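Sharing a structure below in structure tokens format, with a few things to ask.
Note that the chains take the letters A, B, C and D in the order they are written out, and that residue 1 is the start of every chain.
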Amino acid sequence: MGRVLDAAEVANHNTSESCWVILYGKVYDVTDFVSQHPGGAKVILKLAGKDATEEYDPVHPEGTLESNLKPEALLGSVDPATMPKSEPQATNSEKIEDVPVHTLLNMDEFEEVATKKISKKAWAYYYSAADDLITKRFNTEVFRSILLRPRVFIDCTECNLNTSLLGNPTSMPIYVSPAAQARLGHPSGEAGISEACQSMGTIQIISNSASMTPEQIVANASPNQSFGWQLYVQDNRSRSEAMIARINNLSAIKFLVLTLDTPVMGKREDDQRFGNVIDELTEQASPESWKQRDKQAFAGMDPTLTWTETLAWLARHTSLPIVLKGVQTHEDAYIASLHRLQVKGIILSNHGGRSLDTSPPAVHTLLEIRKYCPEVFDRIEVWVDGGVRRGTDVVKALCLGAKGVGIGRPPLWGLAAGGADGVKRTLQILVDETKTCMRLLGVQRPDQLGMQHINTRLVEQQIYDGPSGLGTCRANHRSKL
Amino acid sequence: MGRVLDAAEVANHNTSESCWVILYGKVYDVTDFVSQHPGGAKVILKLAGKDATEEYDPVHPEGTLESNLKPEALLGSVDPATMPKSEPQATNSEKIEDVPVHTLLNMDEFEEVATKKISKKAWAYYYSAADDLITKRFNTEVFRSILLRPRVFIDCTECNLNTSLLGNPTSMPIYVSPAAQARLGHPSGEAGISEACQSMGTIQIISNSASMTPEQIVANASPNQSFGWQLYVQDNRSRSEAMIARINNLSAIKFLVLTLDTPVMGKREDDQRFGNVIDELTEQASPESWKQRDKQAFAGMDPTLTWTETLAWLARHTSLPIVLKGVQTHEDAYIASLHRLQVKGIILSNHGGRSLDTSPPAVHTLLEIRKYCPEVFDRIEVWVDGGVRRGTDVVKALCLGAKGVGIGRPPLWGLAAGGADGVKRTLQILVDETKTCMRLLGVQRPDQLGMQHINTRLVEQQIYDGPSGLGTCRANHRSKL
Amino acid sequence: MGRVLDAAEVANHNTSESCWVILYGKVYDVTDFVSQHPGGAKVILKLAGKDATEEYDPVHPEGTLESNLKPEALLGSVDPATMPKSEPQATNSEKIEDVPVHTLLNMDEFEEVATKKISKKAWAYYYSAADDLITKRFNTEVFRSILLRPRVFIDCTECNLNTSLLGNPTSMPIYVSPAAQARLGHPSGEAGISEACQSMGTIQIISNSASMTPEQIVANASPNQSFGWQLYVQDNRSRSEAMIARINNLSAIKFLVLTLDTPVMGKREDDQRFGNVIDELTEQASPESWKQRDKQAFAGMDPTLTWTETLAWLARHTSLPIVLKGVQTHEDAYIASLHRLQVKGIILSNHGGRSLDTSPPAVHTLLEIRKYCPEVFDRIEVWVDGGVRRGTDVVKALCLGAKGVGIGRPPLWGLAAGGADGVKRTLQILVDETKTCMRLLGVQRPDQLGMQHINTRLVEQQIYDGPSGLGTCRANHRSKL
Amino acid sequence: MGRVLDAAEVANHNTSESCWVILYGKVYDVTDFVSQHPGGAKVILKLAGKDATEEYDPVHPEGTLESNLKPEALLGSVDPATMPKSEPQATNSEKIEDVPVHTLLNMDEFEEVATKKISKKAWAYYYSAADDLITKRFNTEVFRSILLRPRVFIDCTECNLNTSLLGNPTSMPIYVSPAAQARLGHPSGEAGISEACQSMGTIQIISNSASMTPEQIVANASPNQSFGWQLYVQDNRSRSEAMIARINNLSAIKFLVLTLDTPVMGKREDDQRFGNVIDELTEQASPESWKQRDKQAFAGMDPTLTWTETLAWLARHTSLPIVLKGVQTHEDAYIASLHRLQVKGIILSNHGGRSLDTSPPAVHTLLEIRKYCPEVFDRIEVWVDGGVRRGTDVVKALCLGAKGVGIGRPPLWGLAAGGADGVKRTLQILVDETKTCMRLLGVQRPDQLGMQHINTRLVEQQIYDGPSGLGTCRANHRSKL
């Protein structure tokens, strides 16, 4: 470790044959690791021979280096005097003056301010969605096409949003969805979100790709604060098992959220444009090269998950209740409800439109379940996310049968705009809007909301009306019936 | 009263501990009153130590000071020589030349001219609506999606709009809805609107939050001029009772309009942006602070109103007929019709989209009533407001069963653009358009209009089709059946 | 006549008490006529004391002065040397280079070029429509929402558009609708349109408000050229009778078109803005002033027309077949078909959207008739106009049952863009497009087109579905059944 | 041939009486040929007396001159020194830097880059569609209005797109539609597309109007590469027969595609504007001149094709399987299926919106067939094209019953943007997107896709619901039943 290297020397090792990078002033030989990097080799090679700290830091939790590199990979430290001046990262506009978060009135204003403050790369990661963003936009629009039915002459003095998710009490039916790489937007990262959730009394689901360790994120949790933890099963199962073991040890984490809607990466073009994902040129298109591309597409995730195998594997490694995220059909909701001894909830989600464009919004799936198999709502908890930007959206989801409503991008914009205070304000706005809406509907508690409070006539004309796969589901999962 | 104070001395009293303000050249100590101000403490504190006349005057009727402050609060007068120069209020554009109102052809042009003439604050108050203005826009659009069915070869020489509202004769089925703070737009204020209504022979409903006293507004009424008066029940009931007593003494006021759709303030962001409403920063989010926020949300209004208690209370204090404003479901319309001994009319209204975004337009509620309980039209008068901008809109509402059609923002834009003459012209345009439309439909009188004159096919596809609460209504209001 | 007056002297007579105007170099005293002017007094008073030729000429056919003024109204001639210099009329843009009409490819391009060439006033007259132009736009859009069903493997060598309207042969089912004031756009006026119709072999309906006399318009007609003549019945019936007598003498005119959809002027705001219509200020709004306004609204037209009286009156004055223009409901189409001994055709028309905004397009009325009383198509000819801009629009109207398809604005834009050649080119484009469309549908003649060639699914969801007035129609017109 | 002519001398022969042109340095007398030119006389006359090489070359395959002109038409060569300097062709923008195709992420970006690189004329040819481009846009939009139904917990490791079209194996269900004049966009022309198809393992249909000969295009085909060849039957049948004979000799060409949707040229205005098509001025409109116009409209194509005559004629000249392109109704799909001994497939196509505006997209016809005569899918292969821009579009077409999905403009934009590599990248993007979509639906092979994977509710509300012509079809084609 005592060795001090010249930046110019490091710069010579800039190929896949010999690839060195500088991180936090130290020099590492990552040649062996390049091909195993979950984010792809190209991302590293672009930084080969250079100081990669600025790019590396906000997207990797503590301990990542140690658990991926052998000790001998650390070659020494770089002589700071030999380092070239770094250029500041590009943002979407000139640096703006700080806008106090209490002057921001809604989610759109938070997004606008955050967009101006953060790097283009961070913006692209947060903003992007699959293909033409049709599903991303539809997620929000579909809420707007549901009308409310306000009632009059009802005492609305009392109104509170207290509820519980999987038995965990929370001050509101709104939770923070798992969203990765919070430190891209603000140095306080996922811990900042945790601080806001504590202050507001709500639940945070920690992303599998968080930029901080779960231990860091829950470190300052209050005794009655609850968390979920999101699991992407990796093709290297032992890594996932190790993580689950760590999670089992964190008492603040009350449930696991297994994300199912992205076994293969969605095509997020803004993300590709601003360098978060690097595509390989099709120089020699062929069935062979396609296998390679297919493999890349999984990016280290295990594409072999099935109801039988995966739930059994999970049962061997944790006793935490399981929530399945990414359900988008009534058939899958129904199958999940058959596994209710282990699966305690599902999240109707299209991954914020990031996975498959023109996939349906959660509102559609809620109505589909109501139409084909409403018993699901009695068997397991149904949560939703995607496109929620107003308290009225929250209320509509609850009317349709959701028990919990997740917000994904808003806490990230909130964090980017103002750190933990920005997230608090974001949650506060939603709480205020939700209560105003409930009062004007003449409702005191979330569990009083129902179909009589909304007019879904327009949306119902869009709901799937084709052949139901329920018969097949029952046949295939007979043992669970 | 003889004491003369220096402006600089007043300026020292600019906190909630000691709060002085200058109004019309006099100095008041309002320290005790700050926390009771219906518009919130912050609005006053922003002006603490300063001359508040320009902000205070256009939104408070005469007598407000006297009835809210003790005599000893008046400390003296300010020495004019010590006052700083005031800056003119910001408007939406450079001062424009006066546009003669007779050159304006429609409601949109009036809004455009008024927008240029008035302060941003006044504009924000008049223009703003809840959240994303979806309901505000939909109010107008829904009229556009109803088609007319003109008939030919019918003598259309005669056509008049004479009708009556609750037995009060009027020259047109169009009335002026209660809209607050007319003096923000023009010094002639609500009295200017009254002058126009007298000239045009129609009915004005005076806002509970008018910027002039009801006595001032009806002062120059002609013998056959009719008014309604809008009541927001205050949490301090004795204040409301006192006001009702005053109203009972004004013979020009023929009915009370009890507004029910805003027990809690809607979220009007334009209004917040331009300083009419001041939000508190969520510094210490907690269940405690939420109670505080909830309380603020009511802004002095009584959130406990119910069919039984409130109507009985009203009966004790007035024998004027009651109109309930803000009905948005067939269920509430039906319950109102059960109380027809006291409730003589209802106004289908979403408060111009200012209360709850994505609540339905009056056209929806009209069609809902026709579908579920058309007997309501026989029992009580049904009036509507929201989005009316053309004579064809008036005609369509009448075809659907409305007896009266209210306009809220148009008279304010008219007043702002040209005082009483602007309001007259506004009403004249609507009258002309309405008559042209009726003639082309082959109709001579409002009561001849019916469903055969309109094609509502598109709108019918949007009407609520879910479970009706009529059964519950009948059970709960059995004594009235 | 020998008297020569000084322009300055004329200028003194500029009030309703003494109103002189200069026309074609002569001075007239029109004081007595002002109040009888069909276009309103204000239009004349604006020009009182001045040379009115430029405004007067393009909108009045020859002989207007003579038939409206007594001989003694002619005071003499003006001394040209005393005349002030006149300013050129404003156009929508700088003078543009002439665009050869054969380079224009569609109706929109013609409108664009014409808009640049003509005065703002002429543009406003041609372009304007009622209120918000919703019906005007919908007229065109509704055609776009009907899909075609092209067939393959059909010999399409032969295709011709020959048909007849009321027995008059024509080379195409497209006729020129009556549209007023062609000389506003081009000096060749209605005679230029006639020349184009002769060249293309189609039928022109001459407007009641043409800027040339019917005699001038048909002067150069070929022996087999057919015309219709549009009648607005005037409140001074003897004037209409005199005109009908003149028409009866013109053998080229084969039928009368009685326009029914504008007993009262529609509200065309562009027209008002650019000075073609002048509104009175509502200075003293009152039932009295309303009677005055109502009277003005008829602008000399007779508002008392009815099926019984008016058709009988017409029968006394002409034996020409009658076509009723402006039918917009299946009920009126049905009643017209009961009068088939005299009424040989109807035109489903909303007057190009100029009369009543949100009235239905002819496509709606066609579908309404098909739904409620298809026998109408067997009894009388059904023609349509409004919004036709493509050959596919023509074909769709024919598929729905129309026998003739009128175009109103396109010939005016064509004329304005290039005189008679512009109209020819306009018609040629429509003919070419129509034939291409028919060939691709596998159809050789207009009468082979039917519902199997179009998909009207979307439009059918908009068609009136309410109570039909057919029962009442049958009761009221029993004698005709 | 030895004669050397002066450019000035050639320039004198610039009329239809004597028309010389310079091509590749040689001088030809084309006076006799002008009137027979399939593209119209005007196109040639515009270049009479000039060097036409730049205009001629990219749109005519090798051998065109030889097979159309007599040997004596070649007058000699031009003296290069006498030639005037030529001006560069206009493009849509300034010359842009080359954009590497691997940085382009979707079809839209390819179109954008290609638009900047190629001449306006080439752009107009590729981009243009009939009339108002309604069908062109709808082709793409209709795919977007179909929602997907992703399934979870399905092993998606394996996914391949292998399938076959008419028994010819292909690595993907995506084929290249016949699109003319590839050399307008890139010198490698149709051979460049062939190279990309070989590399990617898919099928190319060669346009009848290719800018290279079929022999050139298939010259470098690999042994297992398959092609189709598009046939427009010419009015001069012997020319078509000669071409078919050449095709019969090319073993790489496995089937004929007979295009039926353009017996008459659609009206592509962009094409007309930029000089690819030249319209005749209507100088003497008359039935006579219309016959002339009609003739022009066919542009050398035979308008007499019928099921009986044409299929029999084809059977006499080739034994290749026939695919009928341009089917747009269930009736024609059904008739085609009756001819299944000869007709092995149909392509539901509206010619990329180039033929008849407001004709239906292939998605409509797929749903129409499913509704009226689903047996068609069992009898013959159904392919579709039009508007496909995303892998999700491909998947949706397959779910609806298509066996093959054609792309027309995308390979041309790809070629124009980057030659054969651009086409490869275009195909690669579609393959990647298609596989991602299939994996997220839980599907491994194209034949597993079905109606249960999509929600077509919105589109179904647009599908033809009128009288079916199936009865007539059965009657007329009884011999085939």
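Note that in this section a contact is a pair of C-beta atoms (placed from the backbone, for glycine too) under 8 Å apart; a residue touches a chain by one contact, two chains touch by 3 or more.
Keep in mind it's a predicted model, so treat the numbers as computed, not measured.
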item: Contact-graph separation of subunit C and subunit D, given in steps at minimum; value: 1
item: Interface sides of subunit B and subunit C: same vs different residues, half threshold; value: different
item: Centre-of-Cα separation between subunit C and subunit A, whole angstrom; value: 63
item: Whole-Å gap separating subunit A and subunit B, where each centre is the average of the chain's CA atoms; value: 44
item: Multi-partner residues of subunit D (at least 2 other chains); value: 461
item: Chain contact graph, described as a line, ring, star, complete graph or other shape; value: ring
item: Chains that touch, pairwise; value: A-B, A-D, B-C, C-D
item: Touch list for subunit D against partner subunit A, complex; value: 100, 102, 105-106, 144, 146-157, 159-160, 171, 199-201, 390, 392, 424-425, 427-428, 431-433, 435-437, 439-440, 451-452, 454-458, 460-461
item: Interface residues, subunit D side, partner subunit C - complex; value: 131-132, 134, 260-261, 263-267, 269, 272-273, 279-282, 284-287, 290, 293-294, 297, 303-307, 310, 324, 326-329, 331-332, 335, 350, 355-360, 364, 461-467, 469
